[in-house]
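These are the structures in question, set out in turn.
One chain, subunit A, appears in both complexes that follow, with subunit B as partner in the first and subunit C in the second.
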Partner chain A sequence: MNTIRRFFTDRDSLAPILVTVFAGLFSLLAGIVLIFIVSKNPVQSVRNFLLAPFLRSYNFYYLLIVMVPITFTGLALCIIYQLRYMSLIVDASFYTGAVVATAVGTQLALPPGLHPAVAMLAAGIVGGIIGLLPAVLKIKWRANELVSSLMLNYVFYFFGSFIILYFLRDRSQTILSSLPFKASFRLPRLVENTQLHAGFIIAAVFVVLVSIFLFRTRWGYEIRLTGANQKFANYAGLPVASIILYAHFISGFLGGVGGAVEMAGLYRAFIWQMNPSYAWDGVIVAMLARKNPKFVPISALFFAYLRVGADFMSRRGDVAFEFITLLQGLIILILASDRIVNYFKERRLKRQVLSKTGAEAGAEASPGAGAAQGGAR
Partner chain B sequence: MIEFILGVLTSANYWFIVLRSTAPILLVTLGAVITEQAGIKNMALEGSMLWAALTGVIASAATGNAWVGLAAGIGASVLVALILGFFALKLDANAVLCGVALNLVATGGTVFVLFSLTGDKGISSSLPSKVLPALTIPFVKDIPWIGKVISGQNIIVYISALAVIVIDLILRRFTIGRRIRATGENIEAARAAGIDPVRIKFFSLIVSGILAGFAGCFLSMGYTSNFTSGIAAGRGYVANAAQVVAGGTAVGSIFAAMLFGLMDAMATFLQNVGMPPELIQALPYAVTILGFVVVTFIRDRREAERKRRLFSKNSVPSAQARAS
Partner chain C sequence: MNYLIRTEKLSKIYPNGTFANKSVDFQVAEGEIHGLVGENGAGKTTLMKMLYGEEQPSAGRIFIDEKPVAIASEFEAINAGIGMVHQHFMLVPSLSAAENLVLGKEPKRRRSRTFDMQEAVRITEELSAKYNLPVFARARVADLSVSMRQKLEILKALYRGARILILDEPTAVLTPQETEELFAELKALRQQGKTIIFISHKLKEIFNLCDRVTVMRDGRLIATHPVAEVDIHQISNEMVGREVHFEVSRPPLKAGKPALVVRDISFVDDFGIPKLKHVSFTLRHNEILGVVGVDGNGQTELVEILTGTEKPLAGSALANGREITGRSPGYIRRCGLAHIAEDRITVGTALPATISQNLLADRYWRPQFCTSAGFLKMPAMAAETSRLVRDYDIRCSSPSQPVASLSGGNMQKVVVAREFTAEASILVISQPTRGVDIGAIEYIHARIMDMRSAGKAILLVSSDLQEVMALSDSLIVMHEGEIVAYFPDASAVTDRELGLYMLGIKRQSDEALRKVLHEHD
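Entry: the complex of A and B
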């Protein structure tokens, strides 16, 4: 009994988990309130929103498909956030990765299996190089990486659509579309008659790889150490600059591969009229996962659940799909607020203090409270 | 090609459009400058502009008065800034992440509200919204080339010029400006001097909200006459880069914003001669980031130079000898 209690009270990780669950539930609740405000048929809408994956098998598979791209961007941002950087260049890596994959998928003739693999590798390398840019600007000229990455995202978006329009466009189509992909480029389906593709497994493999990389290898440890205290890492003799660079390359690589997987798994041609901006979803996925790749599938699942619910509800009723951005924003705001995180931490501390005896416990707890305050960013 | 560009550069029409595209960027850049000077990054400027643009259109359509629309738009924009302030200053949240979240909310939220009101996700053309008036300046309009450039602009363009003066005065002449800079420079010292940093930061956020409100309303009630989804087109982000180029001063903002305005206006002309529009659209952003990098590079070098000089002045002669 005592051990069980200690498991729930002594572990450092419990407070963040509580906040995360709180953020998720609170945003769901806010969403439901919002539906009641705007919908003419709120009960039906809420039911569609909450139960979408269970109402239609199509929705269930759609949920799994949606998880794939946001798992990739979520993983990519986990690495960036472990480094305590804010770059959002993954957006450009993902989009350009899709463009590169389109080029490989339409122009090259390779055997099946090898074809998407080559596309992913090419997209990953290009995505990785793009991912390097804000880091280079930051290291060399101390340009704020968030600002520069947001600018670069626009540049690469316009450049990517230029490539599609002028070199890969299918001119027989009236709508904007690239040439159709070669059959060998497409990833196999996992379940007959659904869109669930092998990209799901590839994403799962990458979750494992990135987890091992970050927590079981020297390079991952160096990234985490640099993020925890860059000065210390520097004094310890670590090559900080090159650590920052390879972390950004890997992050961009993941983004690029994600774009390629999305193309090879889901589409017959490049038909994005605008940037799907999965990086922004990746921000929330990485934050919900507390920058730990292990938890990315769980937060991606939750996030895909919101998305699919909102999508199903908007097609069946009068609430626009965009309402989930309100929930997304709310989640980030709650998770970013140290005061809210500390509230959960302090409550736990208080309970600890109460369970101990009088003065001794008080003396022990006060430095702990200070550490909790200081520890959160 | 070069002849064409030279032709464009000398035409009054081009410079008229330059001023028009510079105005909204200038306003938000000033907003970014004043918050940055107070030591808080307002990443939510993009969201402020979006909400201002939508609210302005809705309120002006509801009341039939463009000025009510402008006031409502500014109100919405300030509200976004206040929400950012609440989370960043009262709940100790990372201001940049909050800004990202508020932009996300604004991007989807404006579409959501637009859809709930009109049933359309792209454009507000079904709302009978009003447009802010353009002003003809007497006498100036009769000057040959300059009259065509300066006169006849939308009133917000003139307000943006006025805003430069106001922000310059606030930052350099008024007590509040000293307090803002003190807070941004060294928050502990400011606190020791009896300044309440939280209040100062809130003040600068409100000012930036007002400025972004003008900019947002201009986009939907002057620059164009509708709200379209994503109408701010990253201008709020550009402002954060332009703020660096501006070197944290109001007058510098003119040049930084002009950089974007020049490219933006050139893009509309180049499109007519068959340049791929995708590349042209990327131009303003590419040039802004270039300016951003060049200025941070120069500033960094100057800072290093200053430190080196300080260091060598204080160091012992033998060190100087070794250095030479």
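Entry: the complex of A and C
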């Protein structure tokens, strides 16, 4: 009870949560308005959009499946954002992780259980090493990690396609496809006759692991402290460079494992004709979760819900699936506007300070003059 | 009296809660060179930013020619005839001087309406001759010297029709010769009817150049004087503030064995200006060695080198017998040296992090708080946090609130609590009470004396002369990167005497200075 009360009286920590919820609700609302504008049968479309997971059981399981990869990329980006870095290299880690898993899944013969585990480990390590690259470039040459990671994403996308095309391709197929995975590589199904696979459980385990890592171990502590103020961390004696490196490795590791889980859980062979770019969805998931891993499942659920709804609606009506990107844009726009939160914070602060020193600042100098000036502009 | 530019009860509160200007009534008359002095963080730059439209006042008004104006942007400031030369130049390095000068107000060819380079060069040379500020019009800015870039900045403001020129610490990047040159040029500008606001914390320069001087402290305007009517001591008293002499109880103690041995440290900054020249001294246990000097005479650089954020050009420093120059701050801390940073906002604390994280940032890894597998012992950390919060009287509602929400005094207590319990034998303390309320000042001073009694070796750097004199056992004076005086007994010297050394008027013999090495003790 006490914690709940404190939660609602501490306005500083409440404001960002409210903004997050507001971003979600506002985007949903905007989506509905949009449907009414473009659709010939808006009521039916809105119903399909909002209730998709409950209308057909297929949609419900599909929702859970969609959550898996964006949970992994969301977790990976939580770590990067805790460090206050902007690297998006997790996209390359995820894609290359899938390629590495394909290699393990097609080339090695291992017992079931061990086979996907080995694939995940290998994919994680490769993903982690890829994750390191922008950090190394940043530390050594101060290259902006956002730019270098975006560029490297292309490099690894084409490199991965090259590997599939030249070494792992199934030449009996007319479309681009790798050789089929060994049966031992595939993750078991959780529910018969659905696609829901054990990767869902693995993702849940990683949510717990990353939460513990960030908030209960010295390494997570170091990452959070370095993110809070890198100069301070250096001054307090933290090994800042190595903290930045291992944070990026772990983030890339999560991306790589995510790619492997996706392969072993959903597919019979590597058949991506283009990069699914789950990292971009991960950005929104991590932002909605306010870079806290324990909120990642909630925001991934919300995000998957939007996706599945939009997908179902577009197949049943006249609203294109791409409409979801509009909603994503809105969410990001609202979340990225720190100023919405800061505006209220600043106003309150100003009032406090001015009233405290009101006597010496002179009566007419405090609220009156400020308001008059604000009005003039 | 009518003023060219005048502010009325101007206040500024930054979003992080810093109250940078408190009801400032600042007045500048036409055709004068007006000095604006104050310590770092006194609010000089904030005041100027409001005049130049870079920041908006939280309250109060600005008048130009006795007419109230709202300066919403730099653009409007320029239109109102205000020009500013920033400490860090706002020039495009890859363009020529002439192109930079006319940028935003370019001369165009009559027919084609394209940029007229010839005309730009002509304008530059004409202005340069008119105001006697020589620049190479066709040279790329990247190839110009620092002093010439500064002249170009001034010309740029004049080209835009500035009547009022604001110069933010223009001499910080100049050599003494270039400074003299600049002063001659500024005086010539005054003769041509321009009004100049000159920001500095070097008092000598104010007395060489200005007609009137305004002193700021803690965001307040303390006083404005005609320069002819005051002396350097009065201004420095007003800058530092309290005439009050601090009462601290000082149990008699004999200095112990050497703890920090500094020999021949030299350092050159990014501009190639030497900041430290062969600095040598020995700091002993049970001793507070005060470092005195006008801000910017190498104290900051010395501390940065001793604490690992800068590498010296040459020289050595041994902390408890281990070499620390060029090593990481973490290594130096493990050698037993703790450090109160002069800037608690950007370095000494992590503002968004919790009080607890800030208190334990240097020790979370110790076995007491962390298992060998790397898991944090949360109960032990919570216990240590509440012990420090209680022992150091940090006023907060919860140890998990962000440090940013604390007052300046309590924020500093967080820093003090961490550094004084760091299991270090050497303490390097910079500006321990800057921007801190009186109550917290007394508290921190008492704690520093406790540390002395506990046998720590303490190097105390503060621009508050009264503070250093009251706390220190012995003093060294720094001027232009050198130690120019050593006083083994701080109580035997007056502030007037110290002032002569601080301003470089007097200097002790090399023999007297050798005593600070304590080689024959």
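Going forward, the second predicted complex is superposed on the first by the 333 of 377 C-alpha atoms of A that agree within 3 Å, B and C clash if a C-alpha of one lies under 4 Å from a C-alpha of the other, contacts with A are read in each partner's own complex, and residues count from 1 in each chain.
Basically, a contact is a pair of C-beta atoms (placed from the backbone, for glycine too) under 8 Å apart; a residue touches a chain by one contact, two chains touch by 3 or more.
Keep in mind that what you see is a predicted model, and the values were worked out from it rather than measured.
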Which chain makes contact with more of the residues of subunit A, subunit B or else subunit C?
B
Report for A:148: first if it touches subunit B alone, second if subunit C alone, otherwise both or neither.
first
Go through the superposed model and pick first if A:192 touches only subunit B, second if only subunit C, both, or neither.
neither
Counting only touches as set out at the top, which of subunit B and subunit C does A:159 meet: first, second, both, neither?
first
For A:333, decide between first (touching subunit B), second (touching subunit C), both and neither.
first
Regarding the shared-chain residue A:320, is it in contact with subunit B (first), subunit C (second), both, or neither?
first
With the touch criterion stated at the top, can you tell me which subunit A residues are shared between the subunit B interface and the subunit C interface?
342, 377
Over in the complex, which subunit C residues touch subunit A? Could you list them?
9, 11, 13, 15, 17, 19, 22-23, 57-61, 70, 72, 307, 309, 328-334, 339, 341, 346-353, 357, 361-362, 364-365, 370, 374-376, 378, 402, 405
Interface residues, subunit A side, partner subunit B - complex:
38, 86, 88, 137, 140-144, 146-148, 150-152, 154-155, 157-159, 161-162, 165-166, 280, 283, 287, 318-320, 322-326, 328-333, 336-340, 342, 377
Subunit C touches which residues of subunit A in the complex?
12, 216-219, 221, 224-225, 228-229, 231-239, 342, 345-346, 349-350, 353-354, 357, 360-362, 364-366, 369-370, 373, 376-377
Subunit A touches which residues of subunit B in the complex?
43, 87, 90-94, 96-98, 100-102, 104-105, 107-109, 111-112, 115-116, 121, 234, 237-238, 240-241, 244, 276, 278-279, 281-282, 285-286, 288-289, 292-293, 296-297, 300
